[in-house]
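Two complexes follow with subunit A in common, the first pairing it with subunit B and the second with subunit C.
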Partner chain A sequence: MDTPVLKKKLGLKERYAAMTRGLHWDTTYQPMDKVFPYDKYEGIKIHDWDKWEDPFRLTMDAYWKYQGEKEKKLYAVIDAFAQNNGQLGVTDARYINALKVFLTGVTPLEYNAHRLFAHVGRQFTGTGARVACQMQSIDELRHYQTETHALSHYNKYFNGMHSPKHMNDRVWYLSVPKSYFEDACTSGPFEFLTAVSFSFEYLLTNLLFVPFMSGAAHNGDMSTVTFGFSAQSDESRHMTLGIECLKFMLEQDPDNVPIVQGWIDKWFWRGYRLLSIVAMMQDYMLPKRVMSWREGWEMYIEQNGESLFRDLARYGIRKPKGWVQACEGKNHISHQTYAVFYSYGAAAAFHTWVPEEEEMAWLSEKYPETFEKYYLPRWNYWREQAKNGNRFYQKTLPMLCQTCQIPMIFTEPGDATKIAYRESDYQGDKYHFCSDHCKEIFDNEPEKYVQAWLPVHQIYQGNCFKPGVDPTKEGFDPLLAVFDYYNFKVGRDNLDFEGSEDQKNFAAWRGDSVQGAKK
Partner chain B sequence: MSVVALKPYAFPAKDVRENFPAPLLFIGWEDHLMFGTPVALPLPPDTPFGALGTAVLPGTYGYHPDFAKIDWTKVEWFKSGKPWKPDPAKSLADNGLKHKDVIRFRTPGLSGINGSCN
Partner chain C sequence: MTVELHAREIQPLRNTFTHTAYYVGNDRPASRYQEATLDVQPSDNFHYRPTWDPEHEIYDKSRTKIKLADWNVLRDPRQYYYATWTIARARQQDAMESNYEFVQSRGLVAKMSDAVRNKACEVLMPLRHVAWGGNMNNSSICAYGYGAPFTAPAMFHAMDHLGAAQFITRLGLALDEPAVLDAGKNDWLNAACWQPLRRYVEDTLVLQDPFELFIAQNLALDGLLYPLIYDYFVDDHIALQGGTAVAMLTAFMPEWHAESARWIDAVVKMAAVESDDNRQLILAWLTTWADRAQAALSPVAELALGNNGLTALQEVRDALDMRCKKAGIVV
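Entry: the complex of A and B
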């Protein structure tokens, strides 16, 4: 009997090549440029896609196996958390409001990222980049699901967590993250990777991830912590994609350098503005603090970022234009952002509150040059007024920056007593900005940003009511109609934490007095 | 500069005057950062400018203890950041205010809680 000749199994390296690069073919029935129409129009010149280093070094079958095992573990923890009433173990019901911000502001971005990486993963002619984007696309979809599952347990017990996707598409402050992503997805594929993979995932992501995940750990939220651990290995791959893509573009052709520099300038600033909400969460919304926004900024941006841009200098890349202003902002933006949410606390689907005495002391200690001088006086006044039943609620809608869509809360560089106003004229209309950098982003592509869906303007145009609502009817309350359109449960989701249903329920479940629940 | 695109790129601006029932006016009160952001208000162009202090702004800024103390004859106005002297008897339109203009006012002697610009 003849011994059958077994075909030799592919070695690891060959197998990897076959399952990634080997999947590519050049089209013959149609020209490549027609099949890949977005690959060149941004002006990025690629001479040799084979120089692309795969950042993930994974084949799809290995990916499924590895992620499947990881997720089994994650869901075991989430189940245990639910069965043990883990929600009662958090430090304080105020903490849940950080989760509400995350669920409505960040989680839907994961879904958008999934869509966008799937789109981009179709557009490159280079297989390495295509495979990397497709894997990240699946990562983002998994994160969207696992975050939703990890947080859905809280939705059973706390208000404001019932419609994250609906809210993300409509609510005024959520237009900030939403528009950031829509700006990226309406760019070409190379700009998209510079925006999301490099500027966000590589440069800024620690500022988002660390405060939320360490914040969760410090505040007894094991469900979110476990999600964080599960996502961490994915995030490090995403960072690798970000830096690989950037270096690849810079190495392929010197003409790419000024284009990429322009994108870094733009997306560093867009990302920095987007993180204002994280800054406020970190400094004001965690009952047990991890580190201040300023400390995080110094560690992850000033130190790590400085060395990154020293490294990139050999390609002719310098630090982003807004660097100095962003570094100055480390002393201000958390205070400015939280204060405006406190003011508009009737119009948010999470609770705000006056910081307690010891929290103010912490802020003074962490922000010795700015907190007492610029921000404490308003808190002292607001606290007095709230005690007398006159809690501040601003009812007039804010003026927004045309680019970042954040209310015009940011102050002049060098003078924190003056709001920064910038404007441009375009096609007979005025456009307003919070900063030189948001103005410059607009001025570079005005045709794009004149289409911005600014929530305040949409409300005034009458576009934020549910279908069938008649604004001419007697007794029509436009603000209540807007909240209805947002799916807010007025009186439960919004207003101050003091006196909220969340506060009362949490105290009752834990058997604390309402006073005790805050400790 | 303009958008780099594969095809002609032309889309309508979202916030042209015709889309609003009344022109938008942006207003900020200097040295009062308790109101951490200027506000946006749709105001009919025939609104007398003087009505801002008496009818429009009390609902927006009345919470601040300085507001009741404002002497509107002494208020300094700025339009797009430049000093500007509106006529309170004339309408917003006759004072030259157009859709999405931004005006600010300073109230000399009143600069927030204990002079802290809050």
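Entry: the complex of A and C
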């Protein structure tokens, strides 16, 4: 037969291009601007999408093969964990509270990432960028689903994990991650990638995953550890996409540099504020500590970040504006945040507690300049109060920052005894902020941030009761009505760990004596 | 884990999450599909309007004219979640690798006549771009549709389309020189017989209603294209003329089409059964787009099957109408 004997073989790069970019054509029956309407309005100038370097070269055949293998292994571990009642192997039932924070605060973000990567995976004019984003879209769905499946078993035995979706849409502290992510999702496609793929996945992700996954390993939670490791190879692809997109924008046009710098400033600070809940988890909620927040910050941000921004300097990019304040905050934010959750322990769907003696000693050792000076005295006081049957619960609602939506708890740069307050006027109303950087983010885009669904405002406006609830009725308890709206099971999901159902059950299942059962 | 632990009675406090139990009850554990999919999309108290679409919330039912009291009714009968989807596709991929080995070890490509090989390339290579359109459109359905039961399988379907486009690409590289891909693209862009289909695809790329897009892409176009190409052209025409290799190297496509049709039909059926308004809307969309698709595929059918092309296409159309009838849409 007359088949060509020596067929031309494509190299790996060319072959991948044929499998992806080669599929694209410039439309003519419909104008390209109508087919791809969303990637111009942010002002990012792209002259040549062909210059996009594929951050990874995975065709669907290879993707299915690798991922299918990973899923088989992961679900084998999840099944075995459930069958063997692996939840009884964790260090202490206090540990479960870290998982509650993760399931209600982080897992819903993975879902949002899935949908918004589908959006940008459809909308970028460049085919290479689209394919990479689409793969991330299904990866993120994977993370949402595997986290849900891994933690489903815990939900069967512990409180506070029963309504992650419902709570994420409503609960006051969960509006911090929710608004953070929705801020990214409602941005243009290039800002979305800068926010999620670069600032979060590339710059800050270690601060999220190392505490949770190493925390899980140290605390005997093999199910979560396995999920984390299984997600890691996906994450490394996502990080590569983040840095590639950033460099691509910077290389395409010098006019892009100030826009991108503004996004880096904004999203570094947004991410830093978001992570304060991780800081508290890491320093206070893991029965067996991995490393302190401060140590993580120094390793992953101060060291790695320094070299990253040295590398980006050639494009005219400098370190994010809030860098110095964030570095100063490494000594404070975990203590300030946990104190808020401790005092609002009735209004959270996880348990809080006063750190034990050796944990206080650990905090003193890890935070020699700040813990004993600023934070220990308060713990001693609260511990005394709790001993006398007077466990402190804050009963008023806090003022929130209009941008990050965290209560106004953070202190002035250089003075940890003074709460920082900032404000801006916009169209006749006054808006409040926790910091100069949150104020600046608002001032740059007030028309966006005035839309924020601030939980405290919404409660006061009567928007956080179930339909049909009558606040004028005799004996109406607004706080209980709000908890009902949140789907909190009062007395089971909330309050101190000491005396909780989680504590009692865990001890009974393990056959331990309950220290706190005497109460 | 010690032996005493196993002996101890440990009763779960609940069997699943509240939002899952709402649909499946709390008296037994929910399935992985149910926990992964039902009511998992955020639905309340959105903070900001998308700067790219200020008329809508991030997730917004009003992007489509279809009205459902609860979008979680649009279940996937395959019950795919990421793990089951990717494991199923990995298995199909293994089968495809065996096919490649078989074709190579028997030298099946070399045994094809030039005429058959050229015909296969002429018809199949432009379809890389049709599949790529299907990828973009299903990404849209995932991004702008409402509710995970509807949108999650759409993203799987988008990636399946990419996989299909890559299978065709790989076929082209197995049958001929890489230039065959350029030739196919050139036909797609310029040859008269492909222009109605290209116009169809480009018109769907700008459709705004995700459910209409679902009908136009997944039911009307693919519902005609896949049987026409893979049953009538590849299996009944090319394979019988010594082109078994082509059938083996595209085996994924008809198998995938039959499998995903179960999902597509279930979605249509559930949406139509909810109200007469929905049924009328779907019927109108289907009629418009299936008529257009049939017209757009006519020159392709003739290119592929010569004089038998239009008859084959009409048979395929009749089969699609039957399929829709079973789903509650009578054309």
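One rule holds in what follows: the second predicted complex is superposed on the first by the 500 of 519 C-alpha atoms of A that agree within 3 Å, B and C clash if a C-alpha of one lies under 4 Å from a C-alpha of the other, contacts with A are read in each partner's own complex, and residues count from 1 in each chain.
Here is the rule we go by: a residue touches a chain if its C-beta (ideal position, glycine included) is under 8 Å from a C-beta of that chain, and two chains touch if they have at least 3 such contacts.
Quick caveat, the model's predicted, so the values are computed rather than measured.
Undergrad: Could you tell me if A:T59 is touching subunit B, subunit C, both of them or neither one (first, second, both, neither)?
TA: In the superposed model, A:T59 contacts subunit C only, not subunit B.
Undergrad: With the two structures laid over each other on chain A, which partner does A:S137 touch: subunit B (first), subunit C (second), both, or neither?
TA: second
Undergrad: Between subunit B and subunit C, whom does A:A452 touch in the aligned arrangement: first, second, both, or neither?
TA: So A:A452 meets both subunit B and subunit C here.
Undergrad: Look at A:I419 in the shared chain and tell me whether it touches subunit B only, subunit C only, both, or neither; answer first, second, both or neither.
TA: It touches subunit B, and subunit C stays clear.
Undergrad: May I ask you to decide whether A:Y38 touches subunit B, subunit C, both, or neither, giving the answer as first, second, both or neither?
TA: A:Y38 sits against subunit B and subunit C alike.
Undergrad: Considering only the touch criterion stated at the top, classify A:P478 as touching first (subunit B), second (subunit C), both, or neither.
TA: neither
Undergrad: With both structures superposed, pick whichever of subunit B and subunit C touches the larger number of subunit A residues.
TA: Touching more residues of subunit A than the other partner does is C.
Undergrad: Scan A:Y111 for contacts with subunit B and subunit C and give back first, second, both or neither.
TA: After superposing on A, A:Y111 lies in contact with subunit C but is clear of subunit B.
Undergrad: Shared contact residues on subunit A, subunit B side and subunit C side combined as an intersection?
TA: The answer is residues 38, 41, 188, 448, 451-453, 458 of subunit A.
Undergrad: Name, in rising order, each residue of subunit A that touches subunit C in their complex.
TA: For this pair, the touching residues of subunit A are 1-4, 7-8, 10, 14-15, 18-19, 22-25, 27-30, 34-35, 38, 41, 59-61, 63-65, 67-69, 71-72, 74-75, 84-86, 88-89, 108, 111-112, 114-116, 118-119, 121-123, 130-131, 134-135, 137-138, 141-142, 144-146, 148-149, 152, 155-159, 161-166, 168-170, 175, 178-179, 182-183, 185-189, 448-449, 451-453, 458, 487, 505, 509-511.
Undergrad: Going by the contact rule set out above, which residues of subunit B touch subunit A in the complex?
TA: Subunit B residues touching subunit A: 1-6, 9-17, 19-21, 24, 26, 28, 30-31, 33-42, 59-60, 63, 80-81, 98-102, 104, 112-114, 116-118.
Undergrad: Would you tell me which residues of subunit A are touching subunit B in their complex?
TA: 37-38, 41-43, 188, 336, 339-340, 343, 373-375, 377-378, 380-382, 385, 390, 392, 394-400, 407-409, 411, 417-419, 421, 423, 426-427, 429-432, 443-448, 450-454, 456-458, 460-462
Undergrad: Sort out for me which residues of subunit C touch subunit A in the complex.
TA: 1, 4-6, 8, 10, 12-19, 29, 32, 35-36, 39-52, 58-59, 81-83, 86-87, 89-93, 96, 109-114, 117, 128-129, 131-132, 135-136, 139-140, 142-144, 148, 151-152, 155-156, 158-159, 162-163, 165-166, 169-170, 173, 176-178, 181, 185, 188-189, 198-199, 202-203, 205-206
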